[in-house]
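Structures for review follow.
Consider the two complexes below, in which chain A is the common component and chain B and chain C are the respective partners.
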Partner chain A sequence: MKLTSAIVGALAALGLAAGAATAEECGTITLGAAISLTGKYATNGIHAKNGYEFAIQKIREHGGVKIGDKCYNFKVIYYDDESKGDRGATLAERLIQQDGVQYMLGPYSSGLTKAIAPVTEKYHIPMVEAEGASRSLFNQGYRYLFAVLSTSEQYLASAITLAAEKAKEQGKDPSSVKVAVAVENDPFSLDIRAGVLEDAAKYGMQIVIDEKLPRDLSDMSAILTKVKLVKPDVLIVSGHSKGAATAVRQIGEQNVKVPMIAITHCEAADVTGNFGEYANDILCSTQWAETLKYEDPIFGTAANYEREFKAAFPEYADKKVPYQTAQASAAVYVFKDAFERAGTLDKEKVRDAIAATDLMTFYGRIKFSEAGNNIAKPMVLRQIQNGEYNVVAPSEFASHKLNWPRN
Partner chain B sequence: MSRNAILHIVLLAATIAAPLLFPAYNAFLATLWLFIIVALTWDMTGGQMGYNSLGNIFFYGTGMYVGAVIAIGMYFPVGEWTDAARSELFLMSPGQYYTGLAVGSLGAGIFCALAALIIGALTFGLRGPYFAIGTLGVAIAGGEIVSNIEWLGGGQGISMPNPPGDFDSFKVLIYYLFAGLGVVLFIFLRWFYQTRFAAAINAIRDDEEKAEAMGIHTLRYKLVTWAIAAFFVGIAGSISAFQLIHFEPLETAYQTINLGIFMVVCVLLGGKGTLWGPVIGAVIFHVFKEVTWNYFLGGQWIALGALIVVIVVFFQGGLMGFFRRRFPEWFGVRVETKGATETAS
Partner chain C sequence: MDQILFNLGLLVDYPVVNLKIIIDGVMIGALFALAAYGLALVWGVMNVKNLAQGDFVIAGGYVSWALVRTGWLQSIGLSDNIAALIGVPVAFLVMAGIGWIAFRTIIVRVIERDVFTSLLATFGLAIMMAQILNLLFGSDTQSLKLEYDTLYFADGLIDVPIAKLVGVCMAAALALGVILFMKNSRMGQAIRATAQDARAAQVLGIDTDRVYAFTFSLNAAICGAAGAIIVMVWVIQPFYGMTYSIRAFVIVTAAGLGNLPGVIAAGLGIGAAEQYGSHIFGISYQQAIAVLLLLLVLFVRLMQQRRKRQVLQ
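On to the complex of A and B.
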């Protein structure tokens, strides 16, 4: 008995010595997350999980979440949803019913979020998600779903605007621009496609190719052969990380020449590291860039976030920190802010506090619409110029000029 | 009362009491009944008739879509409901919801039965592995076709209306729907397997040419059997659509490599061509799957693969076959001792 207490005492002393005094006294708020650790979304699922963990660490270093005169630290229970919707829904239910989770972080992808949101909604569990961008999430009347990111129709629509500007510079009518679209058959990419088609229709552009990527996203050579024949002015590809990797690799291998190529998930797929030259002059949509002038007291500037994240996760040392990670961290930050403003652990009051969020973060401003999507943060478009990601649109954020035409 | 009757009553009582006793395991128990339903219906053709279909998942996926389209279509334009960019909010009243659930599920069953007649007419000319691959092709094609129909939401899938009222009671309702369907199916098959009709499909399994020579119109028997199976699977699919709330075509509805294969594994595990085999197989398989998925994460597929190999190598007759060989007297088979045989001869 004496021995045990001596050991406990010694351990406690060690803990104090290590400077963890504040952390020891804090309580724990448990969040739940079903996330894709295996399956087709595994790459981004892991990016998101790392983002969550990094934010939890940073918040702990800054004294945790202060509710009244108590402090709390976040802890997340994770399950692997295998990139499958029905699995995700089952796991969400398990987190809520068996693990007693009261607050959820989102999964990766719109499809998984669509599968999980009905469950959290019915149990009145507030979910702040960072990786589901499809507009179809925000027209279901959900009250407990909040998304820190911009919706997906905005991802590549600015590429269409750029193409129209370029056509005008050349003395041509924007309606002469020919657009080719190849997207994955999933909620996210279909919504990207919808955004592109809407904007192309505004300019009267012609859609010359409108194809779906094959379901395993590992080969789009048939579509690219068609692209070489039809010679569009703009090529749009969207298929999460795997689709991005396939597109850049095969565009390079097949020597596809299109004046403007715009894709999503460049950083997450690390196309510059993996495919080098092939990735040059490709346009990439991004929710966040480390060069943007956003700042908050926990993470510092966007640039600071990238630096510290790389220090904490050395596997990212020689690539871009993907925005999937940044927005995952931002989602945890939204929870911290909401808990502190609510001043209670009461689920409903926290939900109302989340809904009232108006927060400047390193990731951009976060303010939710009635439907739960973030309406305060723009998307930016970067171009890979000699292996560097440079912001080229929209003009108020642009640091570099667009390289056009791509060859 | 016989021991058998008591056993049945105890099992029925357990079925009714389960969701009230273990509310946290509701979803698990509901899925367990889904496994029992798909295993029992698969065995109708696979075990009793000798036609190993890998395409029964087609009826599950089609049931989901038909149930959803009917339930939504009765009150709203389906194309607008599935449009991701719609800004209008569609809400269903509880009355509309439950009517949709009932009519949609029944409609799904009928639609799938008719689909089985048509697909069966085309594929029942195939035998053995050709039939298996042919029906697998139907299931894969079904998923691909549906995922390209924009009116059905394409690759987005369909978000069903939110269930009215309290979610826990909704889960209980879903459990009873699956359990009720499973019990009805089981009682039906208990009767069905004693009819002359079932004797005919067994004859088809044992030797189709001879059966035909005896004057059995084999195609008609095969079609009717498959249509009955598809009817139940279609209803189960529709209930799943309401249960999952959101589903998409390739991985939820027409999930060939998951449920489409699991149903076959359940039957092989429990014992083909028996009434209880698929039930026992489904229970063991589902428990095994949940346990490995929860406590052996990362190795779950390896464990599952190992289980399948063990079944196929060591338990070719399934657990029922194994017990029947070991303990024939349990099955009412009288075993004469060696001495008795000698006296008889």
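On to the complex of A and C.
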């Protein structure tokens, strides 16, 4: 409750500062979102909701959505899906049937998106989602589903490329690289594994450890002992925030030395805050970082987005703005752009306009494939260097050099 | 299959790894044993099978975590390490209070009822506790890192973080304290008397209601302390309770009620068995091994009982 009122307060303050005059004359476009405000995805659900709200506010400040000579502002009807798929699907029905919503923003997580997509598809409601990365979302032939983020098999595949580059620098053949993979047994992490194995196979690398982490992982010393014995060149771990926390903690405690360690969910597990120097030189994948050199006319640069978002949501003041928030804002921006290009509120025309999106944003370039996933934005790898997250790959956007080998 | 053979081969090629696996197993087993002992107590005394056992553990972990994160203790000049260690007795006390409330509001109504009522009620309690923790602390994984070093042996293949060692020592001290309490104090005697025969105990002037309330609080307190140790050695998350509940059930079923050395041995054993299992078959089978052991134990017990009945006839 407190949080909500804080958000409302912050937004009200922003609204006053930006001049309420434009808000009066503009119409309203209602978007719907079932999002996890309680349950296990609540933390990230709220990050996403804040991202939506911030984007709506910024778009209003910039004169709203211009369709013909009329202007519109976005409004979102939110329901709490309690982090449960069946609830999400029911709420999507309710948004469309009872509230008459014509356009949807996505929920948090691939699982929830998977639950909602059949409903939006049935009613031909365009949905731009920002938090479902599983590639299984994009091989169902969905016509009305669009995702601004990179799909999950790309999350750590770039680490393999990086390892191959390093091997070449050392005068070795990339096929001599040994890879150890430990990922959770859920669709998202298995996608990551698939991406890694695919790229490793391309270079002819050898997979020496290939383990699935249990859902309630709290101890992976068995795997790390094996890592110490078989000495791989790359260690890949993905198991949401518990995987990141357990891995970093035990890699430190057991003094595991692998030249390159790449994991996901570093920020969610706050590995730098919790485990300090244990986290050093670990590679973390991210959809977005505020140091990237992306820019657009609404949000400015990535760094500017970070700054203004923190001003609007003071509870983020002493932490990094999570990428979940940035991509949520980008999804709203895609809607604005599509409405303006379509020049109408007709949902089929808007759907076609979304499909034709080719937009540079503070979050990266957005261009959808036939299947609806964003194919223009690369995944980013950051390395934790003395407690700081520094972008090291892809090299054209990198701000820092890779520390290799890790020790 | 190749993977399994390869893993077995590693055990043979590097015999010292066996020692490492056993050490790791015993360390986590000690904490399983604590939660299981509390369960055995409640089960034995009031015949309530508490499915919220693991959630008490996790709640205790959050009490300690919150204590360290608020920084009250640090503001009077204590280090993070000391604050985390103080978190253990604090979690013990806070969880005793929460256990007492849970008893007065819920458990007291199901003591005399059949098994399913108590299972349902405690399952409900478990879900509720997990959700409350989630609302209070969020769904992210949390842990406390103590500023202790790690001891290394055998070329670094065996590692014993001092934090883990401290945790195991505290667990042992707690177990010892509870054993002495049960043996020597008046309340301990009353608890044991009630466990043997509640009716007879009542006739002899024992306020069984008070004994029940005390036993349940004590159980919650033991779990809470275990959780406070877990948060400084492993990680906690609001929905992790069930894994500790399952292990506690496996251990109590294997050891039998009222068999404290058995509970401790089974706890340590299951810890080691899980570590071996996850080394050989892969870590995803860690919990499957616990459940498989439960099946095995139930099967053996059933055979034993069948034999006994035949003798009686």
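Note that the second predicted complex is superposed on the first by the 349 of 407 C-alpha atoms of A that agree within 3 Å, B and C clash if a C-alpha of one lies under 4 Å from a C-alpha of the other, contacts with A are read in each partner's own complex, and residues count from 1 in each chain.
Criterion: a contact is a pair of C-beta atoms (placed from the backbone, for glycine too) under 8 Å apart; a residue touches a chain by one contact, two chains touch by 3 or more.
Note that the structure is predicted; figures quoted are calculated from it, not measured.
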Touching partner for A:T43 - first (chain B), second (chain C), both, neither: second
Which of chain B and chain C A:A269 touches, first, second, both or neither: second
Contacts of A:K84 with chain B and chain C, given as first, second, both or neither: first
First, second, both or neither for A:G111, with chain B first and chain C second: first
Which of chain B and chain C A:K228 touches, first, second, both or neither: second
First, second, both or neither for A:Q385, with chain B first and chain C second: neither
Touching partner for A:E121 - first (chain B), second (chain C), both, neither: first
Which of chain B and chain C A:N185 touches, first, second, both or neither: both
Contacts of A:D219 with chain B and chain C, given as first, second, both or neither: second
Overlap of chain C and chain B interfaces on chain A (superposed complexes): 38, 185, 212
Residues on chain C engaged by chain A in the complex (per definition of touch): 3, 7, 10, 13-14, 17, 20-21, 24, 28, 131, 134-135, 138-143, 145, 150, 152, 156-157, 159, 161, 230, 234-240, 242-243, 275, 278-279, 282-284, 286-287
Chain B contact footprint on chain A (complex, rising order): 38, 79-80, 84-86, 89-90, 93-94, 97-98, 111, 114-115, 117-119, 121-123, 134-136, 139-141, 153, 184-187, 189-191, 194, 198, 212, 215
Interface residues, chain A side, partner chain C - complex: 38-43, 182, 185, 210-214, 216-223, 225-226, 228-230, 240-242, 244-246, 249, 253-255, 268-270, 274-276, 278
Touch list for chain B against partner chain A, complex: 23-24, 27, 31, 84-89, 91, 147-148, 154-157, 159, 162-163, 167, 170, 244-248, 250-252, 255, 258, 297-298
